[in-house]
Amino acid sequence: MVSTEVEYVNKLDLEEPVMIEGLPGVGHIGKLAIDHLIDELDADKLVEIYSQYLPPQVLVDEEGNVDLAKIEIYGKETEDDVKDILMVSGDHQSVENKGHFEISEKILDVSEEFGVEKIFTLGGFATGEVVETPKVYGAVNDLSLKEILQEVDIKFKKRTPAGGIVGASGLLLGLGKKRGIKAACIMGETSGYMVDPVSSQAVLRTLSKVLGFEISLQELEERAEEVEEIISEIKKKTQQQQQKPQPSRDDLMYIG
Amino acid sequence: MVSTEVEYVNKLDLEEPVMIEGLPGVGHIGKLAIDHLIDELDADKLVEIYSQYLPPQVLVDEEGNVDLAKIEIYGKETEDDVKDILMVSGDHQSVENKGHFEISEKILDVSEEFGVEKIFTLGGFATGEVVETPKVYGAVNDLSLKEILQEVDIKFKKRTPAGGIVGASGLLLGLGKKRGIKAACIMGETSGYMVDPVSSQAVLRTLSKVLGFEISLQELEERAEEVEEIISEIKKKTQQQQQKPQPSRDDLMYIG
Amino acid sequence: MVSTEVEYVNKLDLEEPVMIEGLPGVGHIGKLAIDHLIDELDADKLVEIYSQYLPPQVLVDEEGNVDLAKIEIYGKETEDDVKDILMVSGDHQSVENKGHFEISEKILDVSEEFGVEKIFTLGGFATGEVVETPKVYGAVNDLSLKEILQEVDIKFKKRTPAGGIVGASGLLLGLGKKRGIKAACIMGETSGYMVDPVSSQAVLRTLSKVLGFEISLQELEERAEEVEEIISEIKKKTQQQQQKPQPSRDDLMYIG
Amino acid sequence: MVSTEVEYVNKLDLEEPVMIEGLPGVGHIGKLAIDHLIDELDADKLVEIYSQYLPPQVLVDEEGNVDLAKIEIYGKETEDDVKDILMVSGDHQSVENKGHFEISEKILDVSEEFGVEKIFTLGGFATGEVVETPKVYGAVNDLSLKEILQEVDIKFKKRTPAGGIVGASGLLLGLGKKRGIKAACIMGETSGYMVDPVSSQAVLRTLSKVLGFEISLQELEERAEEVEEIISEIKKKTQQQQQKPQPSRDDLMYIG
């Protein structure tokens, strides 16, 4: 096994598709959006990417069946007047510096294999404060894309985000530029402290305008409510735990 | 020396053996179990795996003799109606992300060399609370194994453990699946704060039912008592130390 | 893509140029100096170095256009009696041990490509205390350079800085020595706690004497004032934030 | 440049020499000992080992001249009845796990090049308490060496040190064993909190009995006094600093 392996698991004949990436990141905005989109479009898994730069673990599913941490790319043929779509999803990003580059290059290899015309990466833009009505910001690797995004009310702010765009959402633009693949990052404002399905919806709404087709957000709204419930449950548990006596150093002792 | 090296140190003619892995992990449940099994069966060491991903150190034995940190695989021919066994043991797992994958792949290479039919990995499942009568949980890389485990009262719980199964116990399932090797992880409930020979016994009892032969647990019970003694000794020392005056910053000063 | 890639983006016919390096480091002294020099000389970008050892991110410019983290080398033909100049700039150094070596070797490859005669690396020398009138210290990889530096009042102090010179400013001397390229490091005294444009000016003033041409420092003085303003703004914000109630652990909770 | 490079810088005709290693470690006992021995024997530098696993920095000498972090091997022809000696010294060990293995393998390559008959590694054995009269402990990679060490009153204690022997002092034994090179580690008791020239002298005294020649310890005793002085100076400064008002968070602010 080489460090990072691409496996084509299903075939689908896509025409100059648009690739959309939503790996985990700030506020899980990209991940929530892409997983919703894959569900909503009932897309087919076409590619699996395994990497020694992903965490060394398996996840257990509903049946007790396990699977390696991996990145998956789904595809969907759409109606005639809308671009076909590839969607990049996963539970993890690389855990090492070099792995971020390697995994993004592999995703770009796949995009070239499918003749991808444009890439949109989805992410969050941490403001440090709770945002009621999140705005959506953009960054591009080719100024020709800026106009398209501005038309659907995506904002551009100089040198923003100040810390740059980290991980696959940034590298697909940066490394894509070197290969001549046009790419833009669409970022929803978010506090940066919590999973943010509200900002994720704002990003998806904007994306649907860019792509020119409707995306039902109902299920995502329900997810938002689920997440709200989980958060308040955890808050409750945390408060209960804070009221319990804490284990002493002796109780916690671990003999290796 | 390449990063990870497999050395076959003894020969033994095993027939479609079952491989059992018990490297260090949560509660040292797998390690306690496998080391007991190797002792109890008086198994022969067949393979040594050396790796630059293991800690850069030697361990000193009773005689003052040293040996590189390594992973060892022992083998045992059993009676006719029971599967032969390979047992994977060691004092360490990889210290780097990539090394976890490399070492697990090497263990799988060995399993293929011996025509292994099935792999069982042993581990702990941290609950965060002290567990009086530990239950035993399972996860599989092929649903056909689930039935076998459920027959001997191994529980399956969806998406559990929630954080996935980390290290060799997880990767042997995940990477094994890609090679078509069936594998299951058997996990004993444990607090996660201490070495847990009680939970280890529960895992071994279950394993003996899966394999269809008796394992005397007497020595492991004695070990459990030894561990209890060590723990209470350390507790005593810790308490004594906490009563001693602590060294000041000056005393601790280190000139590099 | 290999780990580190050198791209020659423009041509310029330079005659035995001097190379000056100013990557980020203590007090950002080198970086402030080199960026000022590139502006002041209106130099042309000749080389871009991309590396998987730089942070996995893109930076966003004034237009919302992104670019991979990279190291850039600019060039300038000067008047007849002054050496031509190559200038090494960037927003980052390697994030891994090995990458420091690899990137410095690549910079040395470029220096050989251009027939560089001498290298000057610019840096800061942390004293731990605020310095009103920063002195300038030197270190060399060939004693013949020491005299030249002492002539323009650069100080030499034995085994100083005590911790050695870390990163590209040190490695270009150390690795350069093995290739027979003469190199010196010019360090401005600085507290080590802040970006220090005053010490950066002291370094540039000294450098201009070494190179034998005038460098207008006006713009850098303005930058110094800008930095002062930014610092006092941040101080103000920090104080305001310290007066605000802090978010509780619940508010900060992040659901992954 | 490959990751680790061996350069033979001088020739010396040694007959089945003994190799002694003293890289930095617990209490700097090995380093103090080997540097003293090199001085005392007026040995010649024969080999330099450069590695991308050593810190990315240069050290500055008395003249302001810099040199890459490296490992050096010195040699000395001795009188007829005593074994010739190779001495391994340096200011650093590897900063990465894998590098420890790589550097130790390179040192073993050199030992084979010189037909080394035996290796002694020098180190410290941390007890956590101040030790007035340090004992000297041993560990071997071949039991035939144990007797030789016991004859000169080196102690052996089972499974000691409990945490194993980390770094080159351990790996030269472990990796040497696989090459059939006999090696022993000689460890002086030390608190583990300070550079310990007293324990270093104890180790050297023992070593001189093993090797069968006298080593004047005068200079090392003087060094011990120097170190004592440095320690008390630093203590004084630390106390003064603790009495000074500490810089506030604002003063320490760093603008990157």
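Per-chain numbering from 1; labels A, B, C and D assigned in written order.
Just so it is clear, a residue touches a chain if its C-beta (ideal position, glycine included) is under 8 Å from a C-beta of that chain, and two chains touch if they have at least 3 such contacts.
Keep in mind that what you see is a predicted model, and the values were worked out from it rather than measured.
Novice: Going by average Cα coordinates, which chain is farthest removed from subunit A?
Specialist: Looking at centroid distances, D is the chain farthest away.
Novice: Does the subunit A and subunit C pair touch with the same residues on each side or with different residues, judged by whether over half of the numbers are shared?
Specialist: different
Novice: Measuring centre to centre with CA averages, how many angstrom lie between subunit C and subunit D?
Specialist: Between these chains, centre-to-centre, one finds 35 Å.
Novice: Can you give the whole-Å distance between the Cα centres of subunit A and subunit D?
Specialist: Taking the mean C-alpha position of each chain, the two centres sit 50 Å apart.
Novice: Using the touch rule from the top of the page, what residues of subunit C touch 2 or more other chains?
Specialist: none
Novice: Indicate which of the five shapes (line, ring, star, complete, other) describes how the chains touch one another.
Specialist: ring
Novice: What chain pairs are in touch here?
Specialist: Taking the chains two at a time, the touching pairs are A-B, A-C, B-D, C-D.
Novice: Which subunit D residues qualify as touching subunit B in the complex?
Specialist: 24, 28, 94, 97-98, 100-102, 104-105, 138-143, 146, 156-161, 163-167, 170-171, 173-175, 177-178, 185, 193-195, 227, 230-231, 234-235, 238-239
Novice: Which of the residues in subunit C come into contact with subunit A in the complex?
Specialist: 1, 3, 50, 52-53, 55-69, 95-96, 247, 249-256
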